[in-house]
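There's a structure below that I have some questions on.
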Amino acid sequence: QAGPKIRVGYWPIAAGLPFYAAVELGYFKEAGLNVEPLKFAGAQQVMEGMLSDRADGSANGTGSANIAIGEIAAPGTFKIFCSNPSNAKNVLDEVIVPAGSPAKVMADLKGKRVGSGPGIQNVTLAKTVLERGGATGATVVELPIGQHVAALAAGQLDGCYTLEPTGTIGRMNGTTRVLEAGVIARYVLGDPMAPWFGGSASLTSAFIKKNPAEAKKFIAAYAKGVAYVRTKPDEARQYMKGYTAIEGPLTGEVPLAAYMMYDEFKPADIAHFQKFFDLFSEKGIFSSRLMVETMLYKG
Amino acid sequence: MNAVVNAPVFADVPKPAFQPGPAGTHITIRGLTKYFAGWPLYENFDLDIPKHKIVSVFGPNGCGKSTLINMIAGLIPIDSGEILFDGKSLKDTKIGYVFQNYREAMFPWMRTIDNIAYPLKLAGKSKVEVDRRMAELVASFDVKFDLNRYPYEMSGGQQQTASIMRALAPNPEVLFLDEPFSALDFEMTLFIREKLQEVFMQTGTTMLLVSHDLEEAVYLADEVLLLTKRPTKVAEILPYNDPRPRTVETLSQPSFISAKKLSLEIFQREVRR
Amino acid sequence: MNAVVNAPVFADVPKPAFQPGPAGTHITIRGLTKYFAGWPLYENFDLDIPKHKIVSVFGPNGCGKSTLINMIAGLIPIDSGEILFDGKSLKDTKIGYVFQNYREAMFPWMRTIDNIAYPLKLAGKSKVEVDRRMAELVASFDVKFDLNRYPYEMSGGQQQTASIMRALAPNPEVLFLDEPFSALDFEMTLFIREKLQEVFMQTGTTMLLVSHDLEEAVYLADEVLLLTKRPTKVAEILPYNDPRPRTVETLSQPSFISAKKLSLEIFQREVRR
Amino acid sequence: MAATSPAAKPWTPPAAQASAKVPREPAWNKALPFIGPVVLFILWDLAVRTGMIKALLLPPPLDALGALVKGLWGGPLLGDFLMTVWRTLQAFLIAAIVGMPLGVLLGSNEKAYRSVEFLIDFFRSTPSSALIPLFLMIFGVSDVNKVAIAAFGAFLIVVFNSAYGVINARKQRVMAARVMGATRWQVFKDVLIWESLQPSFVGLRSAVSMALVIVIVAEMFIGADSGLGNRIINSQQVMNVRDMYASILAAGALGYALNILFLMLERKIVHWSGR
Amino acid sequence: MAATSPAAKPWTPPAAQASAKVPREPAWNKALPFIGPVVLFILWDLAVRTGMIKALLLPPPLDALGALVKGLWGGPLLGDFLMTVWRTLQAFLIAAIVGMPLGVLLGSNEKAYRSVEFLIDFFRSTPSSALIPLFLMIFGVSDVNKVAIAAFGAFLIVVFNSAYGVINARKQRVMAARVMGATRWQVFKDVLIWESLQPSFVGLRSAVSMALVIVIVAEMFIGADSGLGNRIINSQQVMNVRDMYASILAAGALGYALNILFLMLERKIVHWSGR
């Protein structure tokens, strides 16, 4: 294969499934592409990898906000070609509580201690969700996401704003239940069924410019992976193994994300995407307002 | 199962009955055995150290003099045998010890005066008592160097002087002196020698003195213990009974000269054997 | 700005012109000054150490004998003054040194024999040469203990013997001996004393010997250097010229006895001052 | 001890003259500690200037320094800095006060040490980030947690170093004390503690750095709302590299300062070192 | 040295008889190292059994041990375990081979040490997790990265301990070598290295634990597809506590084993210790 090596960074979570499937099913090879998956320990690292020219693209699951921050630092670097929206149906974000918790709605967490993943992005989202959900006066405690179920089970926290598969794990071992899923969609975007474009697959502009043909082929092959996941979700689940920590019975239980290719975006979707970015600009996480339009791959 | 016919019979060598030393024995050593690296240093060694006497130990380098005192003082474990203190246990006996390696025996984190006072503090003496005793010692030793300095700021001889003062401070019942004069200058040697005699005459402290200077050894001794080369045995125990206080005149007394001559002969016979 | 009228005039004390020692001087010391903790030990100290002679240094404890040799050997920095070696620099002079604290000067990670051979290895001698010299030394010292052991497995006297052998191994041009006999037994002291004399007669090595035993000091000396108490000055330099080899007979020679007596008188005068 | 003074000072030293003669350290010796940071900054600057590393990811050193100075000079960095200092000190003090005597004690009885050696080596070799879940279980999600985990990590190091300080020390002084009739307790407090001081100080210095490292790790990964670790992870998330490296600089400089403090303490206390 | 033998062995020791008399270590001394782990397991078991900590969060020790044994006995844990061992050894070897001589060298010249002290203390006090972005920039996500960052951390510890080993050593033996005409290099290799061996060993043991810790941290926080750290974070994410604690046990036990290895080495090499 004479083509350039395409280094794709991924964060080992379920949302990257189309990419994992496309690699395993040989879609990239079929297209004559030489794709090298690179595992990073966080979305942040994937984005920095692309910035420092150690990766040419990212798989789904890489935080859109992380990519955006890179884009603000180096405008014009990233092109999003596929995003994975979540909402009350395609669950990613959720608030969970101990199985025996009396809380019925978000507002019941008023004045309680609520966990969130560490770092300013998670905390901002958690605070916004709690506030708008009526749980005023709740204390947000930063805690690694892997510790959320444990902290709830041990009674150290009253609830957690967390991401899948945490809710599923807690449900399966009977210690926690989901209080509300798709909370960002509901409280930030204003509609439980609105798409929150939390994660995105992207390529660097530099790569697209240098290898326009390969970029096209790559996106097409990636789209095949997306289509596969959409049509045969249960069959696709097996490819989580080896790419993520998910294995065993959990594989069949974790909710799958929805996917939206660049050419499927409708103006309403872009507006929802923009709304998410605007929250972060408003909260000062983005140092300036960033327009989603400019970041979307145009084909 | 095959019965073993005519199996060899193992019999333990019967332990010899304990033989107490003569009356007035302070330290009784019986059947002392000590090996180093598989070689015997002492094997079944017996010795009685008399009470209220000075015993000078004289023997060639490496014959085990330091090791012997260390074993008596309980600092090195013995392989087998017994060491008994008259009436009391080792723990209840107040011991003074001047180490051959006096440099490593001082505590560099204390000023020299505190080093000297240390055994008194151990004995729970009050500040006043300690101060009184220190003043006494300093006056009696006529110390000319600054005891407020740390030991590592002292010359070899000064450290050894301090080491001797420390050993004498608590008025010990038994005093072990391992080459206490080795780093002292001419005057100081004479001076400390007299001091030791003075202390002895006042208190009757049992002393065990290792010295390579025969004159010193005999001059101070009630008994000269001559040791052989390794594996070490008692070559001879020579009594020397000239009256105390012994003085410079003693050194020219025929009894002194003959005791010294005899010791030397035995020593040389043993070393050259 | 006010001009300072009649400002005091500071003039530097002119440095005294360098005074070379008499012919045959090996080490020239001029204006040596050394303070410890703000107190002077040496102040403007001058000394000539003759070549091919043995100088015995005799002085009270703490007068600075060890410090003096250490300064000459370049081990302790001097505060001011000059120390010059005849013709060569200190670096080009092969030095042998027996430390007063010989225990800490041996390398416990080497067997004793390797300690002794170490200066030869430093000098780049081949294995064969080293072995030859070691065999020579061992035979000449008639060593009775196991040199394959490590230094810390040796008695004090054995370590000191090894330390002396190490100093002699490379046939040094200058030999510093800081109380080399302090831990040696009677026989060994006599024996090493003779060895040193033998080495001296064969090689003419310049030696500086610190000893608290006046007999030894004078017996070996061409010159006896008597030092005062601190701050240290030269009290006297006594020549002693009896022919070599000196033997047991020398000890009863009137010249020896008078040299010894004179040294003692000067020493006592200085100490008691 | 008044009685000893006259004997001990047989003559008065001409002190003024004396001190004038004591050779002074040359002035440039004082500049030595600055060589390290200067070299670091030059290399760092070169790496950024030549474009080896994008300024986007690694700010020029002067920028980071500027952010550091501005942040510390009453800026928001100061509060986080002080918080981290406070947590580190708490953790370190607990570790030192419990660990040093315990280490010396264990070291003085090799059998006792052998019996706990497994635990010490075990936990020393387990990353604190892997133990976070355990500590979360025990101490909850409170602030105590961060101090506890750092204290634990530092404690292990103090115990280890103090114990080996005693085990490796020469035994002659212990023998001297024993023969003077010192009880085990007296040997412990008058000899062993002192004899082990020097290696203990090496241990204390390792421990203070370790405490700082773990506090920051805990602030980063357990999550906290203050402290340098929190600052580092937050600025990392928003790619504010200037602030991020300013915080890292603050952490490192804090570590250096604490080390120097201990070095000076050691020089003062262990005056017999090397003699 | 053949010529010396006759003189050196004036008599033949009755060796057989002699060794029979040398007192043997009592058998239960051998059991001492097992007290620690047994106590740990009992406490752990009690904590779980009494429900103080839910079995969901902390598995009973036997479960974790079971998972450990099963995993190591040809199970998937073995591969990760070996990977971590291999990375740790690489990192440690680099650190030891470069760090020890460098530390001794710096220690022998205090001025030199003062001039780099800042860098050493600085980086010792900066958590490796904060430096991960930097190392990612320099080495990428490759395997080299994990080894490099661990080697760097371990290196600092080795340098620090070896340097202070020399600085704190008594100077008499150096003087002895100097006066025998040893060059600086000879003093270095024949005296300083040896004199500092004991503290260096303490440093090496600290460093091997540190290398292990950082390798695991790197495996946890830099994307890795193998190694104990990767296993720990994976099982942590899906709350497979049995596997998680089995991996932690493996890491700790590995650390202990490496430490014991070095302890034995030290006993063999530094035979003069304490005398």
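Letters A, B, C, D and E mark the chains as written, and numbering starts fresh at 1 in each.
One rule holds in what follows: a contact is a pair of C-beta atoms (placed from the backbone, for glycine too) under 8 Å apart; a residue touches a chain by one contact, two chains touch by 3 or more.
By chain, UniProt protein names: B, C = NitT/TauT family transport system ATP-binding protein; D, E = NitT/TauT family transport system permease protein.
Every value quoted in this text rests on a predicted model; they were computed, and no experiment measured them.
The chains touching subunit B as well as subunit E are C, D.
Path length between subunit A and subunit D in the chain contact graph, taken as the least number of steps between touching chains: 1. Taking the mean of the C-alpha atoms as each chain's centre, subunit D and subunit E sit 19 Å apart. One inter-chain figure worth recording: subunit A and subunit E are separated by 40 Å, centre to centre, where each centre is the mean of the chain's CA atoms. Note on chain placement: the centre of subunit C and the centre of subunit D lie 45 Å apart, centres being C-alpha means. One simple way to say how far apart two chains are is to compare their mean CA positions; for subunit B and subunit C this gives 31 Å.
Subunit E has residues 53, 57, 133, 137, 170, 220-221, 236, 275 in contact with two or more other chains. The set of subunit C residues touching two or more other chains comprises 101, 104, 144-145. Multi-chain contact residues of subunit A (touching two or more other chains): 48, 52, 144, 146-147, 150, 154.
By the touch rule above, subunit C contacts subunit E in their complex via residues 70, 73-75, 91, 94-95, 97, 99, 101, 104-109, 113, 118-119, 122-123, 131, 134-135, 138-139, 142-148, 150, 152, 166, 170. In the complex of the two chains, the subunit E residues touching subunit C come out as 1-4, 7-10, 170, 172-173, 175-182, 186, 190-191, 194, 197, 270-272, 275. Subunit E makes touch with subunit D in their complex at residues 29, 32-37, 39-40, 53, 57-58, 111, 114-119, 121-131, 133-134, 137-138, 157, 160-161, 164, 167-171, 198-199, 202, 205-206, 209, 212-214, 216-217, 220-221, 229, 232, 236, 244, 248, 251-256, 258-260, 273-275. Within the complex, the subunit B residues that touch subunit C are 36-37, 58-66, 100-101, 103-104, 144-145, 149, 153-158, 161, 179, 182-189, 212-214, 229, 264, 267-268, 271. Residues of subunit A that touch subunit D in their complex: 44, 48, 51-52, 66, 69-70, 72-74, 113, 115-121, 141-144, 146-147, 150-151, 154, 156-157, 285-287.
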